[in-house]
Amino acid sequence: MAMPVRVGQRLAWTLLQAIPTALGIIILNFLFLQLVPGDAAEVMAAESGSATEATMALLRQRFGLDQPMLAQLLSYLTKLAHFDLGFSPRYNAAVMELVMSRLGNTLVLMLAALGLAFVVGVALGAVMSAFAGKWPDRVLSVFALLLYSTPSFWVGLMAIVFFSVHLGWLPIGSKETIGASLSGLDLLFDRLRHLLLPAVSLATFYVAIYARLTRAAMLEAGHQDFVRTARAKGLPAWRVQLVHILRNALIPITTLAGLHFGHLLGGAVVIETVFEWPGMGRLALDSVMARDFNVLLGILLLASLLVIAANALIDVLHALIDPRIKGR
Amino acid sequence: MMTHIDNVLEIRGLRVAFGQTVAVRGLDLSVRSGETLALVGESGSGKSATALALMRLLPQAARIQSGQAFFGDIDLLQAGQAALRKLRGKALSMIFQEPMTSLNPVMPIGEQIAEVLRQHESLSRKQARQRATELLDLVRIAEPDRRYKDYAHNLSGGMRQRVMIAIAVAGNPRLLIADEPTTALDVTIQAQVLDLIDRLRRELSMAVLLITHDLSVVAQWADRVAVMYAGEIVEQASAVKLFHKPGAFHPYTRGLLKSTISDAPGSHYRNAPLYEIPGVAASAVDESGCRFAPRCALALDSCRKTPPLPELISPGHLVSCPVVQPRKHQNSSPSSAVTHGNHDAFALR
Amino acid sequence: MPLLCVDNLHVRYASGGKILRTVDGVSLRIEKGETVGLVGESGCGKTTLGRSLLRLVPSSEGEIRVDDVDISRFNAKAMRPYRKRLQMVFQDPGGSLNPRQTILTLLDTALKANGFPSRGERRELARDIIVRVGLAESALDRRPHEFSGGQRQRIAIARALVLRPELIVCDEPVSALDVSIQAQILNLLLRVKRELNLSYLFISHDLSVVRYFCDRVMVMYLGRVVESADVHVLWREPCHPYTRALIEAVPSTDLARRRLGTSIKGDLQSVAEQPQGCRFLSRCPQAAERCAWESPALRPVAENQYVACHFA
Amino acid sequence: MSAISIPKISGAGRSGGGRGFAGNMNAVAGLALLVFFVFVALAADWLAPGDPLDMVGPALLWPGQDAAFPLGTDSMGRDILAGLVHGARASLAVGVASTAIVLLIGLLVGAVGGYFGGYIDDVLSRLTVIFQTMPTMLLVIVIVAIAGSSIGVIALAIGLGSWPTIARLVRAQFRSLRESDLVMAARSLGYSDTRIIFREILPNAMAPVVVTASVMVATAILIESGLSFLGMGDPNIVSWGMMIADGREMLRTEWFLTALPGAAVSLAVLSLNLLGDGLNDALNPRQST
Amino acid sequence: STPPQGGTLTLLLTGEPTTLVSVANTATPSLSVSAKVTEGLLKYGYDLSPQPQLATAWEVAPDGKTYTFKLRQGVKWHDGKAFTAEDVAFSIGLAKTVHPRGRSTFANVTAVETPDPYTVILRLSKPAPYLIKAFVATETPIVPKHIYEGTDALGNPNGNAPIGTGPFKFKEWVRGSHIVYERNAQYWDQPKPYIDRLIVRFISDPAGAAIAFESGAVDLGYRTPVPLSDLKRLQDVPTLAFETKGNSYSYNVTRLEFNLDNQYFKNAKVRQAVAHAIDRNVIVKTVNYGYGSVSYSPIAPGLASYHDPAPTPYPYDVKKANELLDEAGYPRNGQGTRFAVVLDFNPIGQDGPRLADYLRSALRRIGINVSVRSQDAAAFIKRIYTDRDFAFTTNGASNLFDPTVGVQRLYWSKNFIKGVPFSNGTHYANPKVDQLLEDAAVENDADKRIALFKEFQQIVANEIPDLNLYQPEFITIANKRVRDHSLTADGVESNLADVYLAGDK
């Protein structure tokens, strides 16, 4: 089968499979969220610092909270069938618009962090496995474990104090210099400077994971028979490591990268708070706090689609790395 | 010291240990150019350890404790990594037991052949490809051009093993070590693969060190045989001598031959039970006297104390057993009688 | 009445979107006290056939009759009484034994699951059988990894035997073992067979072993039986070209029969690529046009000899 | 941020020096450290009697400034040493309890799905995917919002958010083991499904699960601290996460307020990871002869 | 000399607004931005004395039942339409229907008349002495009638992209990040505003806010936008200035509210014991890092004319507290505990958890075993005001601009309404108090009104349905170059037309 056909089929299949998953997520979450105490009206009233019975009733009606629960679910699903994620009276905006305005930022942050973690982690892991058992391995192993065990928000705060406040090298918070109205390369550079710290903070944990994973996978692959064959061919050590071992080790590592998407999104909640990054994680946290469940459901749905898409992408990547995998 | 003019490889006193376990204990062996030398022995007797020691590809847990292995004027056991890299895949190559896993699953097989060519001959990418295709043809893979881009999983076991052979002979080696190249394969494919190695040996005039535990394979394809037991060579002879006349001398070799199911007509369970070598394989740790003594019906007290030395009992026939030396028994009875008597003794147990 | 009678059995696997017809219409019968050999190349479906007889893999079609009762669609409960009667010994001497249990527990569990309620009786039986397979009684308190491969195979045999089965499917029981140990196991199997009047379905790819060990042999090729005959007949007059090639390829310690480098052409295929006609077509030296579209049926050519070839 | 299972680190130990568990220096160090933490957690009431949340001294004493408070006091005048000691209890409790929940759900879902396959497996796999695609932290936050931030709820929430990792692992193990000779033999002996699952497969599938679980304890500690950072920790119990969260406002001046509990988290997580690596080596079948 | 023109001011908010006009939403973030675009009729000095904004003159009839406003002429909405009395009348009508407390503030208003385009007359059924203080931009925003008329005010797009008469024009709102306002060149009060651009950034983590101030990433923030614990350090930062003025429009009092239906706290002796166990000075000093002043009264010290400074009859006295509990029939058990209760704290604001920690510690000393329950705002509100499933709670309430608006709701028995946040949460009911509060609400005579409130304060100080603890001090932080940011009662919440940047080009 030709590669594009294979990839196409794979994607179509994944998409098809995603529908029941997404539906499950929505219904499960919807019912789940009914258990949360308090409603959007109470939050808005609380934030205002005062309210009357009449304003409470007005707010509840606007949020559709006066409807029975099943009717709410049904109307939500009906809207969903028309690709409408509903409306947030709290923000006075369509959920789709709200979420989309954040999606890009979150994606940028996540991809940057994941990419960084992957590259650095795999490089570290490769070094560790090449020196397995020797001191560079031990030192890097402990370093990786430290990265793994240090809370990301702590790393983030420390990085801000050091790089932004002490050294003044990097800007603080937000995704770009606000109101600078830059364009072209300047804008790109500005955004990269803003991205650096959050991405690094979010990445640290995963750097550790990828490093350990790569080390393990490469050692595992290194013990396979074909590596002995490669050595028996008289190939230099670097070639054996990179061409034969690493390529095979990448397969289990990329599998995990796909799974990490969901975790990253969760981790982003904290990092987005630390760095005032206008992403979905923050919005999700806010909407939990505000009981703005239309927004939360929209985010959860989008997040799961994102994870599913990421996994489909990983599958495609696998098909590229590993010729044994065929399109289903 | 240099190798004897006729020998491609001369191993002296090779000793390999895995921690406390001594896998190979003082092995002497030489391979003559152009011959097929079979190294036989039961599982765990140290055959692979020997081969990997020669290639210097032993796992990290293993240690070469002593010995020399002259390949031309290079001692393989002392050679530096750079020198080794020049040899491996070129003058000295090896085929492994597992055809299913010995090829890189994510690299086209043609490239795996081309890789070794580019490493050792300064060929261009295109020339290497050309040569690799020729090699595929040489090992009888149909449509070599198309197969060049195939991955290992597209091939059957026999084809994979042939690809391995192509990789191994790509550098025109003087010595090819084949470590149980066919145990994972079927008899029909086994015959194909071993025939191919035999043909290439003649055409490329290389020597083959064929490692196996199957005596019938030895009988079919080897010129000379070395029998290993618990890390030592116990008997060495030409195939003709061992399987024909005067036959095996060492009690272990004889036991092995005897417990092999005969393919003579009439060998069926209703006619006779199979011969069993009593006892279990020697543990690799204890180390006094003859390693086979605990299982040997002929063992004398002295066998348990002093390790036997190999003795030349006829030209090219070495045996490490003081008891069965033919000349020691010459006065009382002909050697064949002794052996027969012993057979009966074994059978009675 | 034969002990086991299998009729037109089919086993299919779904793999990578394809249906593998791993066992494709196999019929066989095993009489009481008979040893039937099953040979064939790797991947031709021997293990699958053996397992499907014991209902360890589901068959999609066909009958498995034990004492004329078709057990092929029985549920777990209905199978219970038959489990005792039909046992299996696996190729890998260690793999089928739980590494975390002592030999006594292994045997005891098997007995308990098959309706031996008395603890004392179970102990007695375990002790008896372990001695019978040639191990010391003290072996009962040890775990599988403390034994050598040959000993482990004895334990596996003991566990099959302790239930007093009538048929044991032996799936390559000696392939993983050395010649010297192979002899021990084969001798053991023969001894218990005589003592208990067992039947064996003996799966192997080693023709010499089959020839020595079996009364009757069936040769399989890509999911089908291509020849079935009395063991002596088969060696004297193999009819199917594949059987012939197989017997020819067996190496021999007899230097007189040293081969001259003529091996059968072609490579082993997998069940995934099943040609419409004869499955041996691509490797057959006498293939004709007819073979390409007509799949030959198994037919008698002599007394007790059946062959699936148009030209036999 | 649930435990990312570190699959098959089997290679890791083989080269890591000695063979087996005892030979592995790292693992021994990890175990020693963990034993220390467990001891501290268990003996907290004895090591630092009284309520660690009590305001016992002047606020913001630096470590060493006052012998009565060797590690200083926080902004409310609470003894940091007492906090660390009692925090060990809370943090380890969250870690262990949530991992127990993860194991319970993960093993059940993974075992049933992997063993029986078919329709049941489809449904359970789908469920696993649903939970897996939900951002763990968000799920935890929602659960805490529902049931309040008590330590039990937090552990439960982390457990509910993290089980898919184990379920997947167990499922994979069961799927491969169910085709193994081991299970075939058990079936041929007429063993019941329950017996096969619990007696034959489970013990042999546990090695990677145990390793992942040890790492998961570590991750749970991290999630708890993240939760405290977002202000959703249990206010009645001192945990390291809470101490970090409380201290972060004074990161610039009284940095010891975050550094001390931060170091405690790191060390505890480190010890669990080292232990996990060690277990991995010890339980790896390829490693033991 | 006139202040220099130009520059960009970055205002920091600790939360993101949900709407940019406080017509129906009085959450702090909305209040912080609303007035920049949408103005009010009046503004107020620090002492809440009215000053002109969109109204140039105003008059309250002696009977307190007629309010007449003269409007500023020549004012234009940002879309170019003229501002008239119609807009004011419409806005007051809107406030009366959709504003969270407009319904009660304007309850007595029976008619709004617009005899000419620049005059508005409010007719009241009863006097409302607090009403004159309610016309600040954030409380009663004047919105364009032509945009709101006939629409759903809450869903009106003007909330996301407002049009007003104010010194700044709305430019863009990047959700989750910031809002940009541009100088309104046509502003009626030329040459104001002085700054060219106003950027509002949302930084929710207080520690992050502190860093932002230090690095100069933000210029201005109010209501103590940084951790209290960090204030001392920031005071040493040479670029920063601190201001406490400009908070008088909304004084808070932090309180410990008892649930008078609770089995323990319905007993006055128990409440008194709790009162004796608490040292308000420690609370201010430790919990609040010294930023605040002790208050025994629900009327904040900041509202000096109404506040009763008399000390509590139940001063800090642990011995007395223990005696009272013994008397109340709650002896200590073996562990030294009398009974156990759960304390809920209001999660909004910085001081909740710390105050709860203090209370747990303090009450443990008198044998009350307190466990603290943490929950988010929604759960808290539901628990206290809807489910009433609580024992006691730390809560804060704003006095707003007048005790009738900000304090009466907490003690008036008729305001015990389930489901309505910040109503009478203790379930306090005293007819005498009800009467005093109702009288004060319509008392036109200032001195009499003060007397009524004083009497009310004495009664609740004795009966302690709740314990008033302290008035937190709100700090405004500004970069030193920012000047004139807090000239009015509502300080930074005002329209910032007067702000200028010193030393900036």
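A, B, C, D and E label the chains in the order they appear, each numbered from 1.
Everything below uses one rule, namely that a contact is a pair of C-beta atoms (placed from the backbone, for glycine too) under 8 Å apart; a residue touches a chain by one contact, two chains touch by 3 or more.
Since the model is a prediction, treat every value here as computed from it, not as a measurement.
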Starting at chain A, find the fewest moves between touching chains needed to arrive at chain B.
1
Which of A-E and D-E has more C-beta contact pairs
A-E
Chain B to chain D: how many Å between their CA centres?
51
I'd like the Å distance between the centres of chain B and chain C, where a centre is the mean of that chain's Cα atoms.
31
Between chain C and chain D, the Cα-mean centres are separated in Å by 48
Give the residues of chain D touching no fewer than two other chains, as numbers and ranges.
14-15, 145, 248, 251-252
At which residue positions does chain A touch at least two other chains?
36-37, 157, 161, 165, 273, 288-289
Give the residues of chain E touching no fewer than two other chains, as numbers and ranges.
207, 375-376, 378-379
In their shared complex, chain E is touched by residues of chain D numbered 51, 53-55, 59, 75-77, 145, 148-150, 231-236, 248-253
Contacts from chain D onto chain A in the complex sit at residues 1-2, 4, 6-12, 14-17, 26, 126-127, 129-130, 132-142, 145-146, 161, 165, 218, 222, 225-226, 229-230, 241, 244, 248, 251-252, 258, 262, 265-270, 273-274
Chain C partner contacts - residues on chain B that touch it in the complex
42-43, 156-159, 185-192, 195, 198-199, 213-221, 239-240, 243-244, 255-257, 259-265, 267-269, 273-277, 280-281
Mind listing the chain B positions that touch chain A in their complex?
55, 57, 81, 84-90, 93-94, 96, 98, 101-107, 112, 115-116, 119-120, 151, 153, 164, 167, 171
Contact set on chain E toward chain D in their complex
206-207, 210, 227, 229-230, 233, 286-287, 289, 345, 347, 353-354, 356-358, 360-361, 364, 371-376, 378-379
